[in-house]
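Labels for the chains are A, B, C and D, by order of writing; each one numbers its residues from 1.
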Amino acid sequence: MEYIKDLKWKKGINVKDLVEQLGNVGFQSIELKRASNVFEKMKMAGAKIFFTFTSNMVTSGLRGFFAQLINLKMANVIVTTVGGIEEDIMKAHGEKFQMGRFDLDDLELKEKGLNRIGNLLIDNQSYLILEDMLNEMLKKCYEKQKRWTPSELFREIGLMLNDENSILYQAAKNNVPIFCPAITDGAFGFHLYMFQQKHPDFMIDVIQDFKNIVLCTSHDEKKGIISLGGSISKHHAILAGLINGGMEFAVYMTTAEQKSGSMSGATTREAKSWGKIKDESDAATVIGDVSILFPLAMIHALENLIENKIIN
Amino acid sequence: MEYIKDLKWKKGINVKDLVEQLGNVGFQSIELKRASNVFEKMKMAGAKIFFTFTSNMVTSGLRGFFAQLINLKMANVIVTTVGGIEEDIMKAHGEKFQMGRFDLDDLELKEKGLNRIGNLLIDNQSYLILEDMLNEMLKKCYEKQKRWTPSELFREIGLMLNDENSILYQAAKNNVPIFCPAITDGAFGFHLYMFQQKHPDFMIDVIQDFKNIVLCTSHDEKKGIISLGGSISKHHAILAGLINGGMEFAVYMTTAEQKSGSMSGATTREAKSWGKIKDESDAATVIGDVSILFPLAMIHALENLIENKIIN
Amino acid sequence: MEYIKDLKWKKGINVKDLVEQLGNVGFQSIELKRASNVFEKMKMAGAKIFFTFTSNMVTSGLRGFFAQLINLKMANVIVTTVGGIEEDIMKAHGEKFQMGRFDLDDLELKEKGLNRIGNLLIDNQSYLILEDMLNEMLKKCYEKQKRWTPSELFREIGLMLNDENSILYQAAKNNVPIFCPAITDGAFGFHLYMFQQKHPDFMIDVIQDFKNIVLCTSHDEKKGIISLGGSISKHHAILAGLINGGMEFAVYMTTAEQKSGSMSGATTREAKSWGKIKDESDAATVIGDVSILFPLAMIHALENLIENKIIN
Amino acid sequence: MEYIKDLKWKKGINVKDLVEQLGNVGFQSIELKRASNVFEKMKMAGAKIFFTFTSNMVTSGLRGFFAQLINLKMANVIVTTVGGIEEDIMKAHGEKFQMGRFDLDDLELKEKGLNRIGNLLIDNQSYLILEDMLNEMLKKCYEKQKRWTPSELFREIGLMLNDENSILYQAAKNNVPIFCPAITDGAFGFHLYMFQQKHPDFMIDVIQDFKNIVLCTSHDEKKGIISLGGSISKHHAILAGLINGGMEFAVYMTTAEQKSGSMSGATTREAKSWGKIKDESDAATVIGDVSILFPLAMIHALENLIENKIIN
C-alpha cells in the first residue's frame, strides 16, 4: 500500500528528487513517476526501444534532448512525421526559430513571413534554405542509387550533417533507423516531387521500409515504446511491435484523450485488447504537454540509470 | 449585432430548425452554426472541396454518411489514413462492428478476439477476411500494371466493391480521388509487403501521388477544406491547398486544441499565418466529438442546399 | 449484441430520428443516446430529478430551454451558481447579451464596456440594471422577514418576475427550489453586502438551506441527477443524493475529464465508489459542450416521453 | 527577440536550471516559465497575493507544499472549496490517503469503504474521524461566540491544529485568511447543520465574509492572483480583485480550456475585458495538471527569490 505524501521544497532541490516526491503527490504526477520507472525498466531489461514523436516537438527545443537520448542509447528505433525531419535539417544548418505567443495576429505574421506553430514561429527564409539543402542532398543520394527507402535516405542525410544536437546526425552515427511512413507529407514531399520530375527513375519505396521496421526486431527480443504525442508515428511503432508479438514496455505521453476514439488518444490499456502491448507489460499513460512532462520523467530515469551504471 | 436567443423545443422539431436555433445559443453551438454556413458557402461558390477524416470515423457509422456526401458531390477530394480504407473494405464485405464501452476489460476482449477502438470493437475475424480480399484485389491490380500510386489503387479497389455505403465505392463512381500519404501504416501495409515479397517489381509510388494531389486543383480554382479530426489527413490536404495559393473556405472539427502546438489542434486562425488558408477566407473551428457535431452541421447545410436546388 | 450502423441523412430528418441513429454511430454519439435514455428512465420511474448547471449556460440561450424543462416537470430541484441567477434576472428584465468570438480583443471590449464570457458578451449596463432590480427586490424581501435562506430568497424573487423564459419564474411557479451554496460569489453577493451594511439584522442562513436540500428528498424516493458542467452545483446535488442513499439515475455532461482528479471531471463511475450513485444505477457520462449535447439528448427524450403521454 | 534553444540534460541538474531551460523549449513549457516569472514579480512588487485552489489539490500531496508557501509569505489570502478544509483537518490528525489508479473497480472500492478521487483514495474511516473532530471544534467555537464567518471559523480551527504541513495551521499562524464562499458544500456542511439543529442560535454569516474579502485589500495596494484549478475559488478571488480595481499580476493554471465558456477555463486574457485583471498586468495562463506544473514553476521562483534575499 502506498500513501500520498506532502511535497516539500528544499533549497537547490534537483530534478531527480522532485520527481521522486511527485510520485506520491497525486493525479498526473503519480503517472509521471510511473512512466519514469517504465523508462528505467525497459533500459535495464535491454529492450529495443521504439521512440516516436510528432514534428512539433522538433520545432521545440526538445530536439536537442532527443539527439542526446539517441547518443545515450535510450532510443533504438525512431518513428516520426516528415515535418520534424525538415526542421531538424534547418536547425542543423543554424536556422533559429522564434518564441511567440498563441494569440499573435496571424495576418500580421504572414506579412512578416513568419509561420506559427502554437507559440513558436518559423521564418519563410528557413524553408528556402531547406530547399537548397535538400536539392543538393537528393542529388548526392541519387548519384549513389536510384531507389531509396525513407529510412535509408534519412540516414544518408544524417551523415551529411554535422551537429551534435541533430536527431538525424545522432541517429546516423548511432545506427538508429528513422522511419517515416508519410515521407511526402510536407515540404520534403514537394522537393521529392520536383526531383522526380527531373529524374523519373528516382523512386521512394515505402513498402521496403515497412519490411525494414518489421524486421528490425523480433518476437524473441524484448521491446519497449516511448510514444510522445499521437499520429501515425505512434501507430506505426506499435504496429511494428504488434507484428512482433507486442511490446513488453510502453509509455504514452500526450494531450489527446480516449473520448473520441482517436489513435492519438488511445491508452496503453486499449492497446492490450489488440495485443499491441503484452498483457503483463509495464505500461503508463500520462496526459499533458510533452514539453514539460517528458524531460522531467526522462531526467529522473537517466539519473537513476547513470547511478546504476546502465548508461554513462 | 447578433444576440443570444432563448432556445425553445417544439414537438417534432427537425434538425435544420434546431441547428438554426443553436446558432444563437452560445459557445460551441455558435461555432457549429458558423461551420454549417461555411459548408453552404463553399458549395454555393463551386469550390473544390477537400474532405479529410481519420480512420476511427470509418470505424464508426459516419462511414455511410461520408459515402452519401460523396454521392451528393459535397466532397471532391478525399484524404484519409489507411485504417479507414481497411475498415471500409471490411464493411463493404458485410463485416459488422460491435458497440462496446470505454471501460471494458481489455484483457478479456483480447481473449475473445475483439480489438477496441474507444467504445467500438472489431473482431479479429474481420481482419482475416480483409487479408483474403486484399490478396485477391492486389493480384488483379498487379495484372493490370506493376506500379501504382495509392489513389489509383484505391480507385481500382473501389470499382471492385458493390456497396452504396462504401466510401471507396462512391469515390470511384463519382471520380473522387482518395489520397493517403501513409499507405503502409496499417494491415494494408503488411499485405503490400507480403505481396511485394512475392512480386518484387510491384511498386507503390508515393511521390507521384503527391503530384496528383497538387495538380488536382489550381491557384485559379476556389478551394475549400472540411477537416474532421487531425493527423496527416488534415495536414496533407492543407499542404496541397497551400501549394495552390491557399483555401478560400475552411472548417476544422476536432477534439484537439492548440495548447500543445500539434498539427491536430492547430486552428484555422493559425493556418492563416502560413497562407494555408487565405486571409479573407470563411473559416470556422469547432471543438468537440465529430460523431455528433458533423452530422448536425452538415445536415443543416444539406437541407438549405437542397432547398436552394444546389444539390438534389 | 448491438452493432454500428451507417448513418444516413433523409431530407427533413427530425431531431428524434437523428439521435436515434447517433445511438449506433460511435464514440460520444453512443454515450449521448445512452444519456437520453437515462433521462427517459428517470422520468418514467417518477424519480425526483436534481438538475444542476453552471452560470455560463444561463448566459447562453440554454436558459429558455431550462425554463421550459422546469415547466415540463423535467427538473424538480435545481442547484446552480449565483452568476446564473443574476443573468436570469437581467434577461427577465429584457437585457440582451451579444454574440462575439473567442478571439476578440479584450482591451477593446473593456473600453466598450463589454464583458466577455467565451464567445458571448454582457454589457456593463446590464449589471447596473441588475443593481437597481436587486435593491428593490431585497427591500421587499426584507420587509417580509429578516432572515432568508438562498432558496427562499430566489423563490421570492422568481415570484416578482414575469417572463416565461425565466428559470427563477418557472421554478417559483412550479414549486421547484433553487439551491445555490455560494450565494455571495458574484454581483449578487456585493449587493447583499451593501444591503446588510444598511440593515445589519438582514441575514442569509446557508446552513438552513443545507437542511432544505437534504430534506427535499428521502431514502425511499427514487432520485435522479442531470448535471451539466462541473463546479459546486454538481457536487452539492450529488452530496444531497449521497446523504439520502445515493441516486438511482445519473447523467453527467461536461468538457472536464477525470485526468486531474477534479470534481468537475469526475465520472459517474467514480461516484459509485462514494455511494453517490447507487451500484445498480442507470448512469451515463458524455464529454463535450453542453450547448450542443444537452438539447439533442433532451429533445430526443422529450419526444419519446410525449409520445408515451408521460409529459404533455 | 527570443529564440528556441535545444534542451540538454546535465547530470544532477536541479529544478531551477531545468525550468530556466524549459523557458526556451516550446508550447506549455514557455508558458510555465512565464508563470514562474510572474510569481517572482508579484512578490518583488510587494503585492498582496490571492492564492486559490480546489479541494482535490489538498487530497494530493500539494497540501504540504501549500502550507510551506504560506509560511514563506507567498500567499496572503486564500480562497478554496470546503472539501480541502475537511481533508486538511483529517491529515492534520494523521489520516493517510492511499494511492490508487484511475481505472480501479469502483464497486470493489465501495465494498472496502474507499472513496476514489481520480487516482487517490480516501477511507471512510477518515470521515468518521473528521466528524468527531468537527463536533469538538464547533463546540469550542460556539462557546466563544454564536455567529461566525467562514474565515473566522477556519482561523479558530487552524489554531487548534498542530501540524506544520497543515494549510489551516500555517494560515492561522501567519494571519492569512481562508475564504470559502460555499462552506456548506461538503461533509463540513452536514456537521454544521447537525450542530445548528442542537444550537439554533449558531449562525454562519457568509455576507460578512464577503465584506472581509473585499476589505482585505484596497485599490491602492498592488494585488496578484495565483489560481490553481477553476471553480468558485478562482472566481471569488478575482471578484474581490475586480471590486478593488483589478489585479496587477495573475497566473492561472488549470486543465480547463475556454472552449465551453466556463469560469474554470476562462483565460487571463478574458479577465481583462472585465477589468478583473488590469490592462498592463503581468499575466500567464498555463494549461495542464497542477500537480506537476505548479511545483516546477513555483520552485523556480522560490530559488530566485531566496537568491535575491526576498524570502528566506
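Here, contacts are C-beta pairs under 8 Å (C-beta built on N, C-alpha and C of every residue); 3 or more make two chains touch, one makes a residue touch a chain.
Since this is a predicted model, take the numbers as computed values, not measurements.
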Worksheet item: At the interface of chain B with chain C, does the proportion of residue numbers present on both copies reach over half, so same, or stay under half, so different?
Response: same
Worksheet item: Nearest 5 degrees, what's the C-alpha rotation angle taking chain A to chain D?
Response: 180
Discussion item. I'd like the Å distance between the centres of chain B and chain C, where a centre is the mean of that chain's Cα atoms.
Written reply: 36
Worksheet entry | Whole-Å separation of chain centres (CA-atom averages), chain A against chain C | 44
Fill in: Interchain centroid distance [CA atoms averaged], chain C/chain D, Å
26
Worksheet item: Mind pulling the chain A residues that touch 2 or more other chains?
Response: 26-28, 56, 59-60, 103, 118-120, 257, 259-261, 269, 287, 289, 291
Practice prompt. Based on the touch definition given at the start, go ahead and assign the chain network to line, ring, star, complete or other.
Written response: complete
Practice prompt. Show which residues of chain B lie in contact with chain A when the two form their complex.
Written response: 54-56, 59-60, 81, 83, 102, 104, 106-107, 109-110, 114-120, 181-186, 189-190, 192-193, 196-197, 202-211, 214, 229-232, 235-236, 239, 243, 255-266, 269-275, 279, 289-291
Worksheet item: Hey, which residues of chain B end up touching chain C in the complex?
Response: 1-9, 11-16, 18, 21-22, 24-32, 56-57, 59-65, 67-68, 91, 96-99, 103, 118-120, 165, 269, 287-289, 291-293, 295-296, 298-299, 302-303, 306
Practice prompt. Sort out for me which residues of chain D touch chain B in the complex.
Written response: 26-28, 103, 257, 259-261, 287
